[in-house]
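Some notes on the structure that comes next.
The first chain written gets the first letter, and so on, giving A, B, C and D; residue counts start at 1 in each chain.
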Amino acid sequence: MKVRLLITGGTIDKFYNQSNGELEFDKTHFPEMIKRARIEVDLIQEELLLIDSLDMVDIDRQLILDRCENSAEELILITHGTDTMCDTAKLLGEREINKTIVLFGSMVPYAVNNSDALFNFGCALGSLQLLEPGVYVAMNGRVLPWSDVEKNRDLGVFQPSSH
Amino acid sequence: MKVRLLITGGTIDKFYNQSNGELEFDKTHFPEMIKRARIEVDLIQEELLLIDSLDMVDIDRQLILDRCENSAEELILITHGTDTMCDTAKLLGEREINKTIVLFGSMVPYAVNNSDALFNFGCALGSLQLLEPGVYVAMNGRVLPWSDVEKNRDLGVFQPSSH
Amino acid sequence: MKVRLLITGGTIDKFYNQSNGELEFDKTHFPEMIKRARIEVDLIQEELLLIDSLDMVDIDRQLILDRCENSAEELILITHGTDTMCDTAKLLGEREINKTIVLFGSMVPYAVNNSDALFNFGCALGSLQLLEPGVYVAMNGRVLPWSDVEKNRDLGVFQPSSH
Amino acid sequence: MKVRLLITGGTIDKFYNQSNGELEFDKTHFPEMIKRARIEVDLIQEELLLIDSLDMVDIDRQLILDRCENSAEELILITHGTDTMCDTAKLLGEREINKTIVLFGSMVPYAVNNSDALFNFGCALGSLQLLEPGVYVAMNGRVLPWSDVEKNRDLGVFQPSSH
């Protein structure tokens, strides 16, 4: 059972650039996270993008969609910025691809103290292997289907949109 | 959907006692971990034990079994030392309790750099909500049934015993 | 021997604001850092400002100068953003206050992985107690007098300006 | 101005061995710490020993003494376990070597959360460059001469023995 991990950036992968004092992208932290988590699942990493999800445009989402449709694996994890994670989930969900796809990210970068990154990664990978085909968002310890998930910006949490 | 979290100790909850330089138990780190992980699942913590799983005796396992059988929730997480996690899983599994029970722990304490604790917690909580009733071990990104899991001490990983 | 610690902000005290994804100021991390460092020196903390040193204006520096001149202690530590640390040091140095004053900060926030904050704090506090009266900058493991220090922005290090 | 850093082990350099769950020695963390601290001082590392200071015997201290006497540098840092740090300091101090020697360590390993290691390293390196020749212990933000320092085991701090 192989899993494809599509990396697109988002808060989870930002690092502190000490030259300008900004949180930016350099390289993904997933190789380090995978080693630390001692994962025994066969995981194929693929870095598609390394961008803020507010900067994601149609062509970026098209790229993600293509890779979901065309990669050989039936289990797909996607790292994603939280601001437009639900939009990408919806785009993928409406295509009714016959695969299990779980999107996740974090509210605090992996490289910053007190990050939720590793927890969300664990939750996403654990549930990916058990879910029916479909598109889901795994955040805050919950796994929600693309058709019923939204980010509550005031609380900083993901919740059912039928909430 | 409520989840009961039964805390029993193990490596995941050890801390560094600077008076004697030993890794010991003081209090559980789960309240801090739950806050950090920004969990939105209704999680009831219950500290049953705070011991090394090599020191766990029959009466300790009986206590865990009783709490699994008698607590109101149908979804139960159990933190556990890795050395005898599979033994406790087997004891619980053979009782055929009609609940979903997932055991997890970590190879490196939460309080030590580079810990796998948060990842395993995420994996356990995510899969708990999706699994059929039964008893499982969630470690190394995999969720394995009690009847087919063992700790490979040489590699420091959990694997199917039919491996 | 009492030490006054004047807190003014800078990179060292920034934290990650998950609502907007920016590094900002909330409250100082020094109470936590002092506890962690197990300091036995009599240290009086005073939060003067909590700002980026690029935003520091004349009236801010005047406030720092006043507190240096008017506080009872002869040993003074000042936390400061790195961008204008040398400017403030020069202003204080030219006043020839008969006290020992050491400025420090960090290139990476205390709240971000791999921070140099604790190291610089230790270097500043250790040297403060040994230096002749005057104004100094303690960064990169070196203690440099206000009259011969500059930030090399390309390298991200402090060096003698006569370098 | 060159500094020699003699590494001997102690709590500061222990790491968590996940095979047996013990805090042990593997390799020194100082290359990582030096990089993180962004040190611009010319620092020559030399790993003499990697042992618990309770296991240190006469021949080990003789080795440290020899290296202090025979290395070319006049500024020497020594990392050391806290339990017998004052004994080694006394042995070196009584030899009246005409160099500046500062011993330090930490109460919590660098590899464990909330460590004082980086702070003590900064304090030791900062003060080393300012002290008169002699032998000192830099712990808890204080720099104490070998002839007037002891570890208070109840409090877990170093203090003047004339206290």
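By definition in this document, contacts are C-beta pairs under 8 Å (C-beta built on N, C-alpha and C of every residue); 3 or more make two chains touch, one makes a residue touch a chain.
It should be emphasised that the depicted structure is a prediction, and the values quoted were computed from it without experimental measurement.
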Minimum number of chain-to-chain contact steps, chain B to chain C: 2
Chain D and chain B - chains in contact with each: none
Same vs different contact residues, chain C with chain D, by half of numbers used: same
Distance-maximising chain from chain A - centres being C-alpha averages: D
Whole-Å gap separating chain A and chain C, where each centre is the average of the chain's CA atoms: 39
Distance from the mean Cα position of chain B to that of chain A, given in whole angstrom: 26
Whole-Å gap separating chain A and chain D, where each centre is the average of the chain's CA atoms: 44
For chain C, residues contacting two or more additional chains: 107, 114, 156
Arrangement of touching chains [line / ring / star / complete / other]: ring
Listing of all chain pairs that touch each other, if any do: A-B, A-C, B-D, C-D
Residues of chain D defined as touching chain B within the complex: 11, 16, 18-19, 21-23, 107-109, 111-114, 153, 156
Contact footprint of chain D on chain C as seen in their complex: 33, 36-41, 43, 107, 114-116, 118-127, 129-131, 138, 140-143, 156-159
